[in-house]
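Note that the chains take the letters A, B, C and D in the order they are written out, and that residue 1 is the start of every chain.
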Amino acid sequence: MIWNSPTYPWPHGKTSAACFSVDVDATSPYLWQHRDGLPKGLAVLEHRKYGMREGLARMVAMLERVGIKGSFFVPGVVAEENPDLLPGLMERGHEIALHGYYHEIVAETSDQRFTDALEASIDLFVSQTGQKPVGFRSPAWEMTPHMLAELARLELWDSSLMGSDTPYTIANVTEVPVRWDNDDAIFFKFLGAGDKSPRPDRELFAQWQGDVGAQQRSGGLFMLTVHDWISGRAARVEMLEELFAPLVNDPTVWVTTCGALAAHHETVQIRLDVTPDTITPINSRDPSYG
Amino acid sequence: MIWNSPTYPWPHGKTSAACFSVDVDATSPYLWQHRDGLPKGLAVLEHRKYGMREGLARMVAMLERVGIKGSFFVPGVVAEENPDLLPGLMERGHEIALHGYYHEIVAETSDQRFTDALEASIDLFVSQTGQKPVGFRSPAWEMTPHMLAELARLELWDSSLMGSDTPYTIANVTEVPVRWDNDDAIFFKFLGAGDKSPRPDRELFAQWQGDVGAQQRSGGLFMLTVHDWISGRAARVEMLEELFAPLVNDPTVWVTTCGALAAHHETVQIRLDVTPDTITPINSRDPSYG
Amino acid sequence: MIWNSPTYPWPHGKTSAACFSVDVDATSPYLWQHRDGLPKGLAVLEHRKYGMREGLARMVAMLERVGIKGSFFVPGVVAEENPDLLPGLMERGHEIALHGYYHEIVAETSDQRFTDALEASIDLFVSQTGQKPVGFRSPAWEMTPHMLAELARLELWDSSLMGSDTPYTIANVTEVPVRWDNDDAIFFKFLGAGDKSPRPDRELFAQWQGDVGAQQRSGGLFMLTVHDWISGRAARVEMLEELFAPLVNDPTVWVTTCGALAAHHETVQIRLDVTPDTITPINSRDPSYG
Amino acid sequence: MIWNSPTYPWPHGKTSAACFSVDVDATSPYLWQHRDGLPKGLAVLEHRKYGMREGLARMVAMLERVGIKGSFFVPGVVAEENPDLLPGLMERGHEIALHGYYHEIVAETSDQRFTDALEASIDLFVSQTGQKPVGFRSPAWEMTPHMLAELARLELWDSSLMGSDTPYTIANVTEVPVRWDNDDAIFFKFLGAGDKSPRPDRELFAQWQGDVGAQQRSGGLFMLTVHDWISGRAARVEMLEELFAPLVNDPTVWVTTCGALAAHHETVQIRLDVTPDTITPINSRDPSYG
């Protein structure tokens, strides 16, 4: 229990921060889900392909118009199938970072597989851009001690966890935190009967605008995460522009990338630094709970 | 990855488009669901029969009042059981198109069955109206390579996929795209305990109005899909009238049918033309992912 | 397909109707669900008992204040366990009607059981009030041909189906229609983890107010259904008062009971009169659909 | 059936009451869910740890700013792992009370286990604070006759049930009632795919503000329940402050703790006093219902 947490020291005289991040999943979660063989239906694939056809370019054009550099997390297979994606993002000054090779869901992936996918992704990024990526976000935002050790070994920051409103350090890895509440997919994603119905665009605008203000007043980080094929639709890009445009003109807010947040965090002296507990299950504490 | 997609060329000096489409499902999905034998309960059947008794006529009267020609997708069995439905729609100048015979769900239907149902539907339409239909929408909006091949063979356009905001071509079939976000069923349909609770009419009005505006500003197509027994209720028809009436009076918007959109698309020179990929499953790319 | 349905002829120069109905379920659905033995937990029972302790009396006081006679559908077991419930409602001028004995779910109940429960309920009503009830609403709003035959035999009207916006006749039974959209339970009911989260009171106020207006303009019936333990909470009774108070003062709206609606319907000459179809399942039409 | 329930007599000339309660669950429900062994993923744990790192302190600072004493229900294991939690709350004048040892879910816990966990929690509270706690709230708000008997034996009040809008007595235990409708978790909690999407902060503000007013007008208790890791986020604490600040300045509202409500209730003469029924299951009433 922390009764008095220190104010997080933002650089450049700023008193809060905001980041526009994109998980460029495209069709990769569908490939992962059907990794043993694809069904004959095309509907989900066509739906997801909207991002590479129209959505992502519209989103990037908006960021350029507003003057924001975004952070784009790209699974290896998406970069492989869209060879002008990573170079195009870099040319426009955006950050690119890792997001698994086949959007591997952690609970369905061995430690060795994670390491192999991470290294294959890095190799692909290097071959397409000439640069080694320095950041990672986990598909579906899960994390394990093994993954943290590998991120530390490869000197990658992470952006997958929710344990604070500002960057922190976990097992020697710099963590740039995310939040489900500020993710478009859990509100808008709809792929067929049984899914939750999408929430109105303006409802999320109001909710996120409220969080933007609260983070400004409390000195936190507003981290938004959107997806190419979900929020690339015209009305949503307009909504996101309306959300972020005022921040660029606010001298108190540091609108920046995950990488810049991570780099800054490594210079911060007094910071939250945690180690994942080795937790004893209840039944091992007291066998009578069996 | 498409970094610069061309502006879609609407005809008649228009800069965007809108279409009012109706999936006239009536009781057909219930018949399909219980194709081996019907349960004794009458509640769902009575609920669904509202459309043929009151809902569809109210909706059509509204379209006439506003001055819109709608696109009505009618399963064969619904036309068979309501023999004055197709003629009545045609007399009023609306478009009729195919929607399966028994609202066959694609994942539960063989290729041969699809072809048989399609041909039986066409025969029924011809016998009831004297005209061969030229368009198709898949029940529940699924599509397969076989279905596309059959649509091409029979020279039918399709309106079932979500890969763009404007018409496109897929495997030589003209696609007039739909969107779950602009479908009434996923927000309003409620058939009993366990279903999602219906969302407020005005919430959808605001959401759809927002999308109408965004499509106008971005040069896209606003495709609405409603159902006879869901949106035929009085308050919803009023809401739909309020949504579409301004579009008819807007000289920049082409308010038209799916068929007119498809016919125009076939004249467009620079257009999105895609082929469904034959995708190698992950495990076939790398057996260690087994 | 009905292209021109006649305007429904309301009496007394009225042009639309409204009805406040209450399904007084109390603990009965829980007893039914656990009819083989009750779990040890008390939470759901205490939650449901709120209606008999506070909710129903608050609702009835509101109806008296506004000047409305409500229609109360009471399962036999609820009347049995609360012997001053039916007499108290009658003293205050409200209508009481049948709702199963143990809130029997139709799909889990044999034809004979339905008949037995119906007759036992009638006997109990007679013994508690001296009068034979004349109306019925099915638990969870299901209906079968057998049930309709029994309602006809016992000269009971029904209020369980959704096939029209105004009273109709089905298999010689007068039907006073309901709608899921105007039921409180599907929006507000929450009994524990896994249930849908309750929707805001004011969201339903706006939605129902919208439907009230649409029914007025289209000449339909606004049938509201609430439950003792769900909408008896203070804020919801205030909301319901705000919804209905204006109707009482509107000379065009017939605010009345289900029984009065049914009695009027029996005098209507041109009316919707339907027979439940004997539907041939698809597989019996064409065995290849097996 | 109670036709006329007496007005509840609040003390100090107040005409209604309000209470800010916190279920300080932290990681305990996750430990319980995985009591046989923890999965390798860290995401849920990090998400839940937000409360002990930032959320609870922010919430407590708000209560101090507004001038409210809150009621904090703390599982034994959370107190054990955060030894400055209970003392820190007491120093600031807040109430602490029991909430299981490992957040034991009642349906998964034997009577003996409940007693053992209750006594171990009391011992821990005494060892950390020097005082025996006097109140209890059940994890997930379930209750059994055995639990009530144990609470009576140990002279603990309870705050877990929903049978009234004001304190009542059940099996000789004072009950300070809760409501799902006024619990943050069922609206905001999101731990991964499949969960309901979070509702907007301002939607709950409006809903709860509506209930605050209705309880004031009807003389009831507004009991709010929030969680450390859910509502400790900056925007939600602001929202809660906006909700409660006006109450503190309202001379008609008794803003107080569960303990003070319980102590007052024990002095009330005319009060709701119920005994959990021994309910005969339907099948034992009539074996033909088997």
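FYI, a contact is a pair of C-beta atoms (placed from the backbone, for glycine too) under 8 Å apart; a residue touches a chain by one contact, two chains touch by 3 or more.
Quantities reported herein were computed from a predicted structural model and do not represent experimental measurements.
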Contacts shared by subunit B with subunit C include exactly none
Outermost chain relative to subunit B, judged by CA means, is D
Residue numbers at the subunit A-subunit B contact, same meaning over half shared and different meaning under half, come out as different
Separation of the C-alpha centres, subunit B versus subunit D, in whole Å, is 49
Between subunit A and subunit D, the Cα-mean centres are separated in Å by 35
Where subunit C touches two or more other chains at once, the residues are 196
Listed in rising order, subunit D residues that touch subunit C in their complex are 1-5, 106-107, 140-146, 148, 160-165, 170, 179-181, 186-187, 196, 199, 203, 206-207, 210-211, 213-215, 217-218, 220, 272, 274, 276-277, 279, 281-283, 288-290
Within the complex, subunit B is touched by subunit A residues 31-32, 34-43, 45-47, 49-50, 52-54, 56-58, 82, 84-85, 88, 102, 113, 188, 190-193, 195-198, 200-202, 233-235, 238
